[in-house]
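Note that the chains take the letters A, B, C and D in the order they are written out, and that residue 1 is the start of every chain.
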Amino acid sequence: MSYNTFGREFRFTTWGESHGPALGATVDGVPPGVPLTKDYIQRFMDRRRPGTSKHTTQRREPDQVRILSGVFEGVTTGTSIQLMIENTDQRSKDYGDIATSFRPGHADITYHLKYGVRDYRGGGRSSARETAARVAAGAVAQAVLGALVPDLKITGYMVQMGAMHLDRARLDLSAVDDNPFFLPDADAVQAWSDYLDGIRKDQNSVGAAIEVCVQGCPAGLGAPVYAKLDTDLAAAMMSINAVKAVEIGEGMASAALTGVDNADEIRMGPDGPEFLSNHAGGILGGISTGQDIVVRFAIKPTSSITTPRRSINARGEEIDVITKGRHDPCVGIRAVPVAEAMAACVILDHLLMDRAQTGGVRGQIG
Amino acid sequence: MSYNTFGREFRFTTWGESHGPALGATVDGVPPGVPLTKDYIQRFMDRRRPGTSKHTTQRREPDQVRILSGVFEGVTTGTSIQLMIENTDQRSKDYGDIATSFRPGHADITYHLKYGVRDYRGGGRSSARETAARVAAGAVAQAVLGALVPDLKITGYMVQMGAMHLDRARLDLSAVDDNPFFLPDADAVQAWSDYLDGIRKDQNSVGAAIEVCVQGCPAGLGAPVYAKLDTDLAAAMMSINAVKAVEIGEGMASAALTGVDNADEIRMGPDGPEFLSNHAGGILGGISTGQDIVVRFAIKPTSSITTPRRSINARGEEIDVITKGRHDPCVGIRAVPVAEAMAACVILDHLLMDRAQTGGVRGQIG
Amino acid sequence: MSYNTFGREFRFTTWGESHGPALGATVDGVPPGVPLTKDYIQRFMDRRRPGTSKHTTQRREPDQVRILSGVFEGVTTGTSIQLMIENTDQRSKDYGDIATSFRPGHADITYHLKYGVRDYRGGGRSSARETAARVAAGAVAQAVLGALVPDLKITGYMVQMGAMHLDRARLDLSAVDDNPFFLPDADAVQAWSDYLDGIRKDQNSVGAAIEVCVQGCPAGLGAPVYAKLDTDLAAAMMSINAVKAVEIGEGMASAALTGVDNADEIRMGPDGPEFLSNHAGGILGGISTGQDIVVRFAIKPTSSITTPRRSINARGEEIDVITKGRHDPCVGIRAVPVAEAMAACVILDHLLMDRAQTGGVRGQIG
Amino acid sequence: MSYNTFGREFRFTTWGESHGPALGATVDGVPPGVPLTKDYIQRFMDRRRPGTSKHTTQRREPDQVRILSGVFEGVTTGTSIQLMIENTDQRSKDYGDIATSFRPGHADITYHLKYGVRDYRGGGRSSARETAARVAAGAVAQAVLGALVPDLKITGYMVQMGAMHLDRARLDLSAVDDNPFFLPDADAVQAWSDYLDGIRKDQNSVGAAIEVCVQGCPAGLGAPVYAKLDTDLAAAMMSINAVKAVEIGEGMASAALTGVDNADEIRMGPDGPEFLSNHAGGILGGISTGQDIVVRFAIKPTSSITTPRRSINARGEEIDVITKGRHDPCVGIRAVPVAEAMAACVILDHLLMDRAQTGGVRGQIG
């Protein structure tokens, strides 16, 4: 069994290779009657698009999305939506030397072992270029969420890049869109920029940590015990290329806490329960509490670097690998809009799942 | 949509509440012809069973499993297997006072909000008692893995409990089964025991971190891009009660690494590729490399504590909650066999998925 | 991959063998807050129960259902429901001689070929005894439908048994429950009874055709193009033991019709569209029209007969097979409540699917 | 939940509307290393293509397939395959008058009721044009089957068209590809042609029955009890536009048979078991026997006819509907390659499912 599909009610299947003619997403389960245009989707694509700053790959892809089905006269019809993005800047000759050699830390060797055959150009199917299709699907999810839960807002931002850490006291979500790092601290941008310049000049790359905050998510989403909301968010983030860890709320730090400290105490506010803290990251027992949902993940450094690393090739010869081509020195940066897209898909999926089972009816308090 | 099923090829659906008459797992997709007995499963159950040391809940459940279907004359038949565990020590009166009050940090409030109605006795469906059914299903997975991949071995162990940390230099997997903490360091057991005694005497509880190591896993398992092996392991661990984070290999520490440091370089060994390090935790591009698979997760402290915490009840009144009943001061301990079970289910699931798609054919090196 | 699960939103997984200790259904996706009792389910079980007339197997099974989870204080909680039926009258010695011989027309040989091992007692997993679990699951579906669509009514009845045909002019659904054939024509019961007596005395068995009519089904159910309502009904009926054909509306007779004759013309009635005929059986383009849904299926004669038939055994020896044991001369009779149960599950599943996608919003006419 | 996906291991999701820019299939689960070219797929497309004889719609679509992903250097890579067919001859102005009126017997009204909004041009998503995508997906399945089970052969043919019936005594599968009716009787072609000319001149249309025979299918395919091979074949055929019934082997005629007559007796042949008849249509207990698999289905007459029929429009006004545009007088004809495609997908899906669970191991006889 192969598995290029994500989601249960709101589902998308991605297809396409880094240097094939096109890539895209087939989206199913979309409610009918939701306004959706190419321009709306494009705004999300442009946030992830390569080549927009010196800190990302210099591959120039316009990433223009075409809607081939499922939308009629500007409105979703409830049938499957095909979103296609044509590849235009495939400089495949750069990749000739990796046809048979395996980059350390890259999927080259595991794809070779598993499938025997692979499209090695630009990493083929294992390339992070696949995430363009996720962003397109996520834009559809955002359009539907906008119609169903207008107050819901999803914001991703970097909290760490190698040795650079976000100062939590300075967190300002309004700054995120004004710098190439999706950094919620305008004053720190220059330092991060200098740091990454240094990494790139060293022919190196660096890891990152990204956080996604979902504001305005209704309580009651999550389907225990194997489609808990946090379970699905963890799977969504871990499925993004190069991600090695996912945290909800306190995350790994929970291991050090005591029950007294970890308890998010509750009082009654004017509109219902109010939590005095959010160690839980907005999810208890796999179900949303109505607080902000906080997900964080770590992404490893790009494995394609120009510093030579020891490896082997498909003939079993020991070689040194130097990866030419155009690569992001920190793939974490462009993962931010991807993570927002995945969060949107998970939240919408659960909203529809809940609509199916409970019809949105809720237990009363008070 | 509700979702009490885990897995794709090897699937199990759990059912049952903490204080209902019984709980269990319906297991589907099991290959035929595999020896399986009640006694074999029972050995796994006994590792998770409550009441075996002073450090776990004093509820006394024999956790005797009955095989009601799918096994004939000691061998699996390929049809669905029902595993039932009867509850015997439900002291439900302990829970009368939580029928309408919500423990801070617990699923009480979210189940109430989502479903309107809930079996509050002992946490009902949200209780970690559900994990007994996972261990039973995991034992079936272990039996099948034993038949298909005899060299594969799955070992879980604690690496942190509150302020106590495993000294990695002393890691000794052979020590794990000889102490109530599944601690891979015999000499540290007394200190951990004293520490937890202190926590309990303080009417408190504490978090933990657990690691699972899969040795002998074949290369080539994992179905990119939405059923990557690490994606499914992350979902499996995050679905366990109280888990707040999952890491693969370097995990969150990846964010601090550079590409030069993170590269797991490769040389040729007598039997094929050999990796000189394992930052990746045995998975690249979502597919196993053949190295040890290393998964780690954090589990928050038990929310049911006897120290009073501020909360509300279903009538919207502000109250103080003190949870009586019998609770683990560190739920992380008994999560160890649960995590092993989940890992076994994921590995087997992927083994069967791979068998379907590739037929187990592998790309050659050399 | 094995597959003992039916449904998407409302799902049940059945387990158990004919002569094992018990069998049952694990039901998931049930909306919370629906009244459900053992007695309610039992009424459906009793309609399918063996040994209630001379025309069905003389195996005496009380078919008492136990609800082991998912219901609290008489109301569904939204968690998985386990329904267990213990087997009490397994006279397994009757089956010793079929341990290695294959009954012509029976699943004995295909289970042997596929799995290598099988529980041969009473047909094991291939026995129609599995349908008891379907009826239990169907009762849960009926309870939920009763809460969500009170006017919906599902009625199954026999329309053919060998040479006996229902006279459509005499169809009277109110007669169905008053005779052992579920025959909607009270006056024909004696003739059918005499006919089946003759079949049994001839050491023979006979096929049947059953029709299920769903009255009061809302328009708009069905998820094109691969979960059309008729697609799912066809799969549901074909999955019942011994079924060899499924028809919707005109069914096979459609092949002989012209477009002029087949058109179900439409006029406006006081409450909306009214169809002047129902060749379509209440489904167009895979979506319900609001008319009666009419499904019909044929069930082959019981293959276990006492007239000797030529066959082989597992050693490859040519033998004559005479099946002792207690068998229904017409398995079609007891398939009636099973078909009603499957129809209820399909309709509920689609109601929840539709609730998820469209939220039950409908296009307006007029 | 919407559902535009078919299959479990070998899955395809179709997308596209009759008069949109393109349509296609996203195919997942394809084994790697299988030779696959555009030309290979095109041969299957050409059999279904409209406008090839006077008996099918005069819409001229070249139905050229593009492979956009999942194939590299002529070989499948195991990643998702995108097959796109651009629409070129959309004469949408023909359809302006059906934007708000409902053709009797057509999905117009149910799509309107369910979704509120629909692409009415040429029937939009409900058009049989969707089946072009199925044929493309089926061609991929055929390629894989050709690699895995070289002796397997799937042949569809018409057995009835209105008043015309195939004379079974004259059945000759070698004649099927030499006439526009896929008729396995060369001598009857002229009479069928004259008959259909008459239907068309009468401004009418007519139903049909099609049979698909799978030769060389291995024994052991089928996953009881809810993914029986016949269950999945029934769903596959019923999902095709306008299909109203599906039969396996004897089909509806089973209702009239006795157990003595229906038994397919078994003898030992030189290569194993040999069945003396095939009432079962090659499937027992939902698992293939190794005999020919025989599936038959009825397809209703085209609902778009130029004879006026009474209906209503979206404003609730009573109208007469006359459907202009270009329509097949017998949609059954072009359903033949579609049914072959669906059969190929089901057989391959089950081959992979079986490979996952049993590894293809078989019980021995003799």
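Definition applied: contacts are C-beta pairs under 8 Å (C-beta built on N, C-alpha and C of every residue); 3 or more make two chains touch, one makes a residue touch a chain.
Owing to the predicted nature of the structure, the values given are computational and were not obtained by experimental measurement.
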{"item": "Chain located farthest away, centre of chain A as origin (C-alpha)", "value": "C"}
{"item": "Over-half contact-pair match to A-C, picked out of the listed pairs B-C, A-B or B-D", "value": "B-D"}
{"item": "C-D compared against A-D, more contacting pairs", "value": "C-D"}
{"item": "Chain C and chain D, separation of their C-alpha mean positions in angstrom", "value": "26"}
{"item": "Separation of chain A from chain D, taking each centre as the mean of its C-alpha atoms, in whole Å", "value": "39"}
{"item": "Numbers and ranges of chain D residues touching at least 2 other chains", "value": "1-5, 8-9, 14, 29-30, 32-33, 78-79, 114-117, 125, 224, 352-353, 356-358, 361"}
{"item": "Interfacial residue positions of chain D with respect to chain C in the complex", "value": "1-6, 8-9, 14, 102, 104-107, 109-117, 125-126, 130, 160-163, 199, 202, 204-209, 219-228, 230-232, 234-235, 237-239, 241, 244-268, 272-273, 276, 279-281, 283-290, 298-305, 307, 309-312, 314-318, 332, 352-354, 356-358, 361-366"}
{"item": "Touch list for chain A against partner chain C, complex", "value": "1, 9, 29-33, 78-79, 224, 352-353, 355-359, 361"}
{"item": "Partner chain D, residues of chain A touching it in the complex", "value": "1-5, 8-9, 11, 13-17, 20-24, 26, 28-30, 32-33, 66, 68-70, 72, 75-82, 84, 114-119, 124-125, 352, 356"}
